[in-house]
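What follows is chain A paired twice: with chain B in the first complex and chain C in the second.
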Partner chain A sequence: MESLLMNILGAVTTFLLAFAVGMTYGGLRRKIVARVQNRYGPPFYQNFIDAFKLYSKSTAIHHGAMHFLGPAFIMVSSVVSLMFIPVLTNNQWFPNLNFQGDLIFLIYIMVFGPLGMALGAGQTGNPNSAIGVTRGLSQMVGFEIPWVMALIALMVQYKTTSITGLLDIQVQSGHWFMFENPFAFSAAILASLGMFRYSPFDIVGAPTELASGPMSENGGKFLFVMMSSGSVFAFVKLTLIVDLFMGGASNLIILVIKTFLLYMIPVTYGIVSPRYRTEQSITYFWGWPLFFGLIAIIYAVFF
Partner chain B sequence: MDIINIILVIFFAGALITAFAAKISSIVQDILFIGTILATSIIFFLNINTNTETIINLSHINLTLGLTPLSLYFAFIVFGLAVLAGFYAVGQMQGKKKKGYFYFNYLLSIAAMFGILVSKDLVSFFIFWEIMTWSSYLLVIYNGENVQKTGIKYFVLSAIGAYSMLMAIVIIHSLTGSFLISDLISGFNNMSANMQILIPVLLLTGFGVKAALMPLHIWAPDAYSNAPMSYTAIFSGALSKMGIYGMVIVFLTLITKLPQETLIRDIIAWLGAITAAISTLWAIKQDDAKRLLAYSSIGQLGYIVVGVAIGTPLAMLAGLFLAFMHGVFKSTLFMVVGAIEKQTGTSNLKEVTGLIRKMPWTFIAALISIIALAGIPPLGGFVGKWMLYESLITSNHYLLVTLVFFSSTAAFLYCYKFLFGFFLGQEEKEWSHVKEAPAIMVVPMLILSLISVVLGSFPQLILKPINSALSYYSLPDTYNNLWKESMIFNKWGDQVALTPIVYGVAIVFIVFAVFLFFKNRKTSRYVTTKDISTSGEVPKEHENLTFKENFFQPFLRAVEPAMKRQMDKYMLAFAKGLEDLFDFTRRIYNGNGQTYAIYAIIFVIILLLLSNNLFS
Partner chain C sequence: MYNDKNKQKIVDIIKNAARKHSLWVLAYGTGCGAIEVPATMTSRYDAERLGVRGAATPRQADVLLITGYLTVKTLKRVIRVYEQMQDPKYVIGFGSCTINGGMYFDSYNTINQLDLYLPVDVYISGCMPRPEAVLEGFGKLQELIGKGIANGAQQYKENLDFYRENQKKVIKNWDFQDYNW
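Right, the complex of A and B next:
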């Protein structure tokens, strides 16, 4: 009984940590983008204020059952994938469900959310939502390919598909996979540009074009759940790349430093790039990222 | 009399009586139809075991019938689907013409599939195979539309498959002197190297047609979408698995003994993966739900072929598990289309829209099956997909796994198109009268979706019979190595525990569903899909806000180069070439006596000219 309580406590703590870190990063991004564009920008804690405001609003209208359940689906994906990723290397604080699933499972549970979200967006009947969803799914086919190739390269090189297994190898040998297989790292980073959906890959939300796409028709508590899910998911993606390529983190400060540096890659890339058209943003990932993925697999097999 | 004979006799007698029972009354016909299926299934599930064997003597040939663990596994699929789709068919065929014709062929093809599975010799195998082809052909042309185009395509390709199979059977008999499959397996080592290649290739051609393997797949989209949906559920769910069944036997018993084993395995696996990828792209392009599902079936069968062809224990488990899962979720989806077609009169995704509030139970069945199809945890499809990927990665097929992954990610696109097209989006007045389908159609769909859910947490229910089937063909025991209760492993020892996943997903989902749904449902009011945010303007009642045209156009533009080449066009060009050749021969044999006289004279002149060289 006590262990169960500890487990639940650990899971809740992990969730709160991911929420706080993700929200802060989102706020920092807004600030950085504003400064680059020569604006003053909101304070870095603005996202917390927004979230609190959205949470305290009551919902006046709805479009049916799936409209309610869509945000719940996307939350399932974020939280469950968070539970399967080791947050810290020594793993005593937040063991959660780390040993129960592997990378292939993680890839699949990570796409669960967008699909559930797509159903919720579909029932609202807003054409912008549906257009956004079709773009998002198409783009997903684009970036999943180099991403999966990078992961396959790692799995093949070290003969394991488990996340904790890959992390342990790095901790024991002291070598980061980022340097052991640089091509896999490049492919993964380029794919992560698409995963974060910041400009130039912001075709799903597409401000001023699709009126925030799948998110339109959602306000108040719906938007709160989506926003927190987005923040948690950002943390999940960053931690996963840190675990797989940068040797994990032994304490929270190192984790924050590493994830923040990683987070700056899509952010800074985005600030200076205008939005792609949908087919451009799909085929982008089938150019250099795919090539790096291919080289990564060849490198993993033959060297 | 033996159990197998009894089942076959009930089937054939039932089919005949049902066909003519329309003279008495329509309801009697329905009862006879259901009665035949239920009687055979009950006898099968209660009495059958792998020890039963019976021999029928036909003049000089002994037909040996009996079950192996592998055919028992496939017979589960056939009978399970036959019962559920049978009940559904009674609902769907209500008030339709040619009911006797439909029931007759339906029962006949189930009987033929059972016959194929119990055949232990090649002659009965071939006879039942042909009965299956004929009965399914008659149902493909059931509605009398496009008979020329679809019927002939299906028939020509089935004939190609049947002839190559027949050729293989004749060669086998001349080499071993026996029609028994067991004699073929034991005598295979003594054959010459050429025959050892030729026989498996001929057999695989025959099975590849039914399994819709590229380049033999071109009949499938038309045939699947033309047959009545209650039969397509069987067609795609069970009948295509007969091809897989044959392939499994060929790969497990013949190909393993060849020196060129890896090459053949790789070729077939790549064919399967390419089939999956290309047909997925075509599925995304379809606007008719039937054709969409038909292409999707070809794609899913591609995965199964990949698993079976790779042939490591894990890949075999994956292929056979996916075969079962595909039978479950794809028949549900075809039933969903049938229900919608019955209620609305069309299956065009562009026309029907917003049915979620009108047909909620159908939607639930469709949603669960789509999630299973997409392979998303925690449903059964995930287990099969996971095993397939892991088996490919651990057996060094890195590019193959990337291709399979591409097609299975692209499959999300048509999954969403299917759900969005029928159930979500704008609710239009045109469909405001639509009601939920009758219970006799909805309940089979819900039972099948329940199976998808259960297999997500308890795959051992299916993995156990697969394991015993594989052990029968002397593959190593996989229990505890690759799977145990609610756990799946790969060769490297990495695992996925399914129970914590199911609990995790369920808990988080329920917490947030309560937070969003139950707290807000009372306080908020429902608004129609016209009442949406459109930059401050209020859309009028007549304004069309439906988004259906060019649904995935940007994606299709991105993958355009891959879709330029179509096997259909090549086949048609080949047929055109043949026609031209025949036209040319017709000009030679033009029926004119004078021309023939000239031919004779020319022949004599040539003979005279060459006489020195020829007869010296």
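Right, the complex of A and C next:
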């Protein structure tokens, strides 16, 4: 009974940590973008203020049941994938559900959120939402292929489909997979550019073009749920790449350093790039990232 | 739970502190005033440092910024947009045209006084107001929100008959549904 309570407490702590880290990173990104544009920029805690304000707004919209369930689906997807990620290597405070094959399950559950969102956005009847969903699913076809190829290369190379298994191999051998299979790492990083949906890949929620796309009918508390699940999901993606390629982290300071350095890749790439069109975005992912993914699998099989 | 100072609930003080530092603006660009909004938002005057940023749709916005004159035809759309916004919501009338008609005071198809049709919280005078004046207006709105007296939306609900009567007086082809909040 006590261990059950400890696990529940640990899960809540993990969620709060992911929320706080994701929100702070988002705020730092806004600050960095502002500094690059020669502005002073909002304070780094601006995202927390925005989230609280959105939560305190009233909601008088009703578009049907799926409209309410859409944000819930993304939140469920974020939280479930968070529960499968080992936050630290020697896990005492942060419990995680792991079993043989959880990496394959994770590939599935990470797509579940955007699909639920697509259902919710479809019911609002807003044409901008429909275009945004179409673009989002097209882009997902683009970046999911190199992403899955990078993960398959790791699974083939080390004969395990468990995240903790892959993490243990790195901790025991002391070699990061980033250097053991650099092609898989390149493919995963390039695919993560699309997952973060920062410019140049912000074709889904392009504010000046689609009026923020799938969330154009969602205000107040809906937007709060989407914002917080997006923050949690950013933490999930960064921690997953750290676990799979960069040898995990033994304490929180190392985790923050590694994830922040990783996070700077999509952020800096985004600041200097204007927005792609949908077909440019897809052909981007079917170019070099796909090539790196193929090389990674060949490398994993033959070397 | 009230504090003595100005009869606000303590939870409202916290909420208002968050609201006043996070204003998402829907700039309804009528007339010439829209040209001042990009200057306010971008690097020189940088409204984002005060928490003011643009919102894409009425559902997400807190502040409706009406920049300039309103023709009768546009007024109908503005009312529609205002009623789509979620509480708490604020209106800023921007430029002389929203105050007394400005240079269009004797036009046959513009309204002269926005206050008769929508509850305006803050007016920014000028033709056109410079970005400094716009930031001053946002500062005034933040002050009012902090004190808890920027309750235009509340007034609109309470005096809906008054506003509807005025709106119907100028809008001839009235085909709105009856909302209930």
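Rule of thumb we're sticking to: the second predicted complex is superposed on the first by the 300 of 303 C-alpha atoms of A that agree within 3 Å, B and C clash if a C-alpha of one lies under 4 Å from a C-alpha of the other, contacts with A are read in each partner's own complex, and residues count from 1 in each chain.
Operating definition for what follows: a contact is a pair of C-beta atoms (placed from the backbone, for glycine too) under 8 Å apart; a residue touches a chain by one contact, two chains touch by 3 or more.
Small disclaimer: the values here were computed from a predicted structure and weren't measured.
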Applying the touch criterion given at the start, work out whether A:217 contacts chain B, chain C, both or neither, answering first, second, both or neither.
both
Thinking of the overlay built on chain A, is A:35 touched by chain B (first), by chain C (second), by both, or by neither?
neither
For A:61, decide between first (touching chain B), second (touching chain C), both and neither.
both
For the three-chain arrangement built by superposition, which of chain B and chain C touches the greater number of chain A residues?
B
Touching A:175, do we find chain B (first), chain C (second), both, or neither?
neither
Determine, under the contact definition given at the top, whether A:122 touches first (chain B), second (chain C), both, or neither.
first
Touching chain B and also chain C: which chain A residues?
58-61, 211, 216-217
Touching residues (chain side chain A, partner chain B) in the complex:
58-66, 68-69, 71-73, 75-76, 79-80, 83, 97, 99-102, 104-105, 108-109, 111-112, 115, 118-119, 122-127, 130-131, 133-135, 137-138, 140-142, 144-145, 148-149, 152, 155-156, 159-162, 165, 211, 216-217, 221-222, 225, 277-279, 282-283, 286, 293, 297, 301
So in the complex, which bits of chain B are touching chain A?
354, 356-357, 367, 371, 374-377, 382, 385-386, 389-390, 393, 396, 398-399, 401-402, 405-406, 409-410, 412-413, 415-416, 419-420, 423-427, 490, 492-497, 500-501, 504-505, 508-509, 512-513, 515-517, 519-521, 523-535, 545-547, 551-552, 554-555, 557-558
Chain C contact footprint on chain A (complex, rising order)
30, 34, 37-42, 46, 49-50, 52-53, 56-61, 128, 207-208, 211-212, 215-220, 223
Contacts from chain C onto chain A in the complex sit at residues 15, 18-19, 21-22, 42-43, 46, 48-49, 51, 53-54, 56-62, 85-88, 181
